[in-house]
Amino acid sequence: MTKELGIGLIGTGFMGKAHAFAYRAALAAFPDIPVPRLEMIADVDHGIASTAAKQYGFARATTDWRALVSDRGIDVVSITTPNVFHKEMALAAIAAGKHVHCEKPLSPSLAHSLIMVEAAEKAGVATQVGFNYIKNPLLKMVRDMVAAGELGEITGFRGIHAEDYMHDPESPYSWRIDPAGGPGVIADLGSHIIGMARFLLGPIAEVSADVRTVVKSRPVAKGAAERKDVWVDDVARILVNFGRGCGGTIEANWIATGRKMQLGFELTGEKGSLVFTQERLNELLLYKAGGDAKTSGYVKIEAGPQHQPYGQFCIAGGHQLGFNDLKTIEMGEFLRAIGEGAKAGPDFREAYEIQKVVEAAIASSTARGWMAVG
Amino acid sequence: MTKELGIGLIGTGFMGKAHAFAYRAALAAFPDIPVPRLEMIADVDHGIASTAAKQYGFARATTDWRALVSDRGIDVVSITTPNVFHKEMALAAIAAGKHVHCEKPLSPSLAHSLIMVEAAEKAGVATQVGFNYIKNPLLKMVRDMVAAGELGEITGFRGIHAEDYMHDPESPYSWRIDPAGGPGVIADLGSHIIGMARFLLGPIAEVSADVRTVVKSRPVAKGAAERKDVWVDDVARILVNFGRGCGGTIEANWIATGRKMQLGFELTGEKGSLVFTQERLNELLLYKAGGDAKTSGYVKIEAGPQHQPYGQFCIAGGHQLGFNDLKTIEMGEFLRAIGEGAKAGPDFREAYEIQKVVEAAIASSTARGWMAVG
Amino acid sequence: MTKELGIGLIGTGFMGKAHAFAYRAALAAFPDIPVPRLEMIADVDHGIASTAAKQYGFARATTDWRALVSDRGIDVVSITTPNVFHKEMALAAIAAGKHVHCEKPLSPSLAHSLIMVEAAEKAGVATQVGFNYIKNPLLKMVRDMVAAGELGEITGFRGIHAEDYMHDPESPYSWRIDPAGGPGVIADLGSHIIGMARFLLGPIAEVSADVRTVVKSRPVAKGAAERKDVWVDDVARILVNFGRGCGGTIEANWIATGRKMQLGFELTGEKGSLVFTQERLNELLLYKAGGDAKTSGYVKIEAGPQHQPYGQFCIAGGHQLGFNDLKTIEMGEFLRAIGEGAKAGPDFREAYEIQKVVEAAIASSTARGWMAVG
Amino acid sequence: MTKELGIGLIGTGFMGKAHAFAYRAALAAFPDIPVPRLEMIADVDHGIASTAAKQYGFARATTDWRALVSDRGIDVVSITTPNVFHKEMALAAIAAGKHVHCEKPLSPSLAHSLIMVEAAEKAGVATQVGFNYIKNPLLKMVRDMVAAGELGEITGFRGIHAEDYMHDPESPYSWRIDPAGGPGVIADLGSHIIGMARFLLGPIAEVSADVRTVVKSRPVAKGAAERKDVWVDDVARILVNFGRGCGGTIEANWIATGRKMQLGFELTGEKGSLVFTQERLNELLLYKAGGDAKTSGYVKIEAGPQHQPYGQFCIAGGHQLGFNDLKTIEMGEFLRAIGEGAKAGPDFREAYEIQKVVEAAIASSTARGWMAVG
């Protein structure tokens, strides 16, 4: 077992900060993992890099991510930059023999993602991709219940990830909707719910989707009269057929006015069902058929130490985990896997499989019919 | 304005009783409608018919529905028998010049339904079909808000009607799943949510559906070893494209273990959104964009007299309507329309339009692609 | 068993209409009760009385309630007038040998209420008082569960009835807050939750309350500059000690801004607990201790035919009862009891016992300490 | 401004771990505070202390808390041991000139707590007590709204902190219910909701309480036949009168079967109301009077960066804070206050004021009447 791992973090924005929190908390939560040594942080801006190093407790700062990925003191590289940079950074890190954590999606292009997968597998480094929501202890239990057949044969899945950060047609054009960055909401949010569906139920065999751009143009800047056409999707509605035989629907939507984090599902089996939404991430609804008719109904399960690894954060129920705790679980599992020479998930391969569903959905929308995945 | 209307009710089961409650309550709720005179009730069993007449306050009982539909004292005929009888009864009633209320769906066959529509329109009688859930005062407000543009351009609709009365594979084969009665859940429950979608957003232009039989055989009787193949659908998942341009999904599901009345929708517009479920029929969630960021969110609206015709049942908010009250609104509106010589809805024509969506969805599922409606 | 009962209804307002709905629906819901014959309705205004008779289906109308209570065709008198009239009307009806249903509270004065109780008991007529909310099928189940010890020893009760119809200090002075009508919110709303507590847990032995007037003056009329002092209570907060030994709290509040029908409780026992609110009257939350830790939690029970008499209104779960259905249950039970010569509840005696708790709470507030009830 | 603060942590259990998480995350969340240097951790067990030091990243471990509080490298002492040790440790730390964070309650005895308050104030060190729940960004907004008069005059407060860790009468006797440790639930949980009430509405002037022991004896050990009498309280129900004039109720309950974290309140004003429960700590319900009647209701506010310091943890709404994040806010505020030479809250003085309410409630229960606080 590796005793200590030097961490290099590229990027200091939204997800960069989340990684920093997670690396700082991981050992406190999981004493059995290698000690993460916060070695270096990179940002294109020197001042930001230095400040972030101090704030997050990294030993060194750099503006040169290439220096970071090749640094001898670094064992693990976290990539939290925009998608278009992932491939180059990841390949460089892999080439330097580093284990790589990369935020999702892997890259704007399926072909490029495959290159990343194959490079990592050939090099034998550990990889992980930031599908943090499935790290929820309650979802681990869901997966276990499904696998154990506690709900009987699964007969349906209705999944969604909807938010509203693009709902206003006057929100200006931005990198987020530049086609160079890949698909729109189906990659940005859709990949989360597709990943969750796969985590719980296994592969998706085929899809038939309606992927569309609703806001057809946006101002070039906030308040500008000039507008620019939008080509990426705002909403994707997908009929899915899982490899296990059950059907379902998946929706990705970033113009869902009012929704801030409607990531969730309703999963139905012959003998029971489960309802989850990230809007109340410490709760899970469970229905088990066959109980006493007068007192049956959905049980609201509240997360507690009986749902590991909740107990690594707090020994009492009802105290609740937050988003950054999920990120800590993610990092903890990655570091443990590296230490044990084991495989953590979801890795590059899994991210690639998710992206294949995304691409199949887009193709099926164009073809106006069903499309096999992969 | 007609002063009084003689009522004839065919059928004394689940919906027959609901009609009886509604006719008994209608005038008390709506003093401006013609007085419903409870004239005759029909059931194939003489004892049941007599008992029902006494219990529900009808003057006469009969085992002969033909006698009922041709009786001179009867102006309005309510048909609550199984679907396969609707056509013959409705045509006879129409031929006798009666106004007809028929439970949904009109008939197992689209062609037969069209015959019913045309007969009624030619005869000039008033018709109504039992899509009771859209009579909810809160849904009238939703329709008005959409029509007035209060949510801006509508960008999405996610509708569902899921229950679990068929979830158990050991539930025996029954008339409900006999193909002679028409499609399965897509007609039984799907018609409600399709009708609701049309009520709120107007016509559905095209659909792409996955309509499937999940429980492929059922015991011929409770506990029997012998099983019979099932041909009607258990779940229908539908991508929809509304005539107004917005997309959406609709699901109908009668194997949704745990759900007793999950009829509802999430309706999203550029400027706001609405969430409704019949599971809490006296509540509506509304989000309006553009409010103060610190105190914005979904508003839980509770039904009250400000949402007419709630006030016809109770002058104070918070007291809540129940299912039978919705049925009373439905009957009250039908009787008022007859009295005024006006058109109530949803009439046979609307039920036929709903059925066209059902048929298009089934056809699209077979064709594995999009299908225009009608 | 009496076959038919002539009904006389005094009052045509809020509760008068509710009684009318209930009498019209009672037999349809409960075929085993005597047939209610809607005989006469009384209102001080002749036009209103006539119109109401036609609208609600009563055979006759009168402006003379004395004529009604002594009419030979009438067996049951429903009193829905303001509290100050209850005593005189009820005593006259009792003197004429009628069974009496009276809205709550019985009278503004405990002494007067006792006179009513004793008159009814001496005459041997059946009585009932309009504590409609406890007629909820789910609450019958709660009482049964408590009685059967399913929650173990009961350790606490937290009850409330809060609404907001008086929250605005600019709401004008009215009959509702005239001290001649008795106490304020503690009688108007408090009696409901006190009655519910007694229904579920039995007698309240002693109380210690804070009963206060918060809005100390109100305009004499809407918008008037002149104000009048208010003497009746706006809020009552009560520590209670049940005869069975457990403690609890009860609150009555009519200035609870935002609340339309916050009538409910949390009832805790050693082995389980129950949570109910009339805001969602078709739901009940149940927690049973001792289950599997990973999947335990509050069960949301949805009302269905398994909770009788729900099934008398609808044979399928999930369809929901409304306020008027509760009133129908109330009337159905009263009529059945009369027919059987049995005792229905809550009768005048029970209403008097509830009023004793109200009076003890007021006295305890003045004394600033505990006060035994009765 | 102090640049760096040496941290000494006494105790490695439930709260010790929470402090460790918080100190590790504080600077990442709040870059403007002095850098917390994790200097030393103390536990009576040498192995546990060493392990904890490594796991939580403290430079040194000790079994001698006296060495810790007098260590020159330490500026801030966190005390997370059982209540009975607080006084001695805090006084020693204060004597050594350290700033002190102490978990609640300060001490089992009001007199001892006062000694601690006075020692700290005389020494001029900063103090803080672990009332972490009020660090919720949403509650800061509540306090601001109340202070700004947005709800009008406050007319009522109904607060509760109920959990169920002692509900089972067969749960064995433990230190938690040893009278030497002070009162029972009223100190353990009651202090949280009393503190929250004071945080939002200011001082409580007088109380009238029912403080009782429900489970009168417990097994001396798990499964033991021998039982020991219990003297501390299981439930406290308190009528309160705030100094600002409004009334309310507060309940503390550790036998509330089913409840894991029912810490919350309903706060009502003339113009609006707020509902909060820690069970859903990222949500707040707000009702504002005077809106459009058809679309008014409770708004469900979801925590986001608009509610600072949420944004220090995540720049996007809907991601949710957890318990440990609240603890981080608490520590961040304490360290910032020390750096600025300012006062953070709640300090020893505030904890003492809370304890005075606890003691007054107990006294009032014995006296069976109202008791002024302090």
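Each chain gets a letter, A, B, C and D, in the order it is written, and its residues are counted from 1.
FYI, a contact is a pair of C-beta atoms (placed from the backbone, for glycine too) under 8 Å apart; a residue touches a chain by one contact, two chains touch by 3 or more.
As the structure is a computational prediction, the values presented were derived from the model and not from experiment.
Engineer: Which chains lie in contact with each of chain A and chain D?
Structural biologist: Expected: B, C.
Engineer: With respect to inter-chain C-beta contacts, which pair, C-D or B-D, contains the greater number?
Structural biologist: Looking at C-D and B-D side by side, C-D shows more C-beta contacts.
Engineer: Please work out the Cα centroid separation of chain B and chain D, and write it as a whole number of Å.
Structural biologist: 54
Engineer: Taking each chain's centre as the mean position of its Cα atoms, how many Å separate chain C from chain D?
Structural biologist: 41
Engineer: Of all the residues in chain C, which ones touch at least 2 other chains?
Structural biologist: Those would be 259, 297-298, 302, 304.
Engineer: Applying the document's contact rule, which stretches of chain C touch chain B when the two form their complex?
Structural biologist: Touching chain B from chain C are residues 14, 17-18, 20-21, 24-25, 27-29, 31, 35, 51, 54-57, 163, 165, 259-261, 278-281, 302, 304, 313-325.
Engineer: Under the definition above, what is the set of chain C residues touching chain A in their complex?
Structural biologist: 141, 286, 288, 293-302, 304, 306-307
Engineer: Quick one: in the complex, what on chain B touches chain A?
Structural biologist: 151, 155-156, 158, 160, 164, 167-169, 208-210, 212, 214, 234-235, 237, 239, 241, 246-249, 251, 253, 255-259, 268-273, 287, 289, 297-298, 368-370
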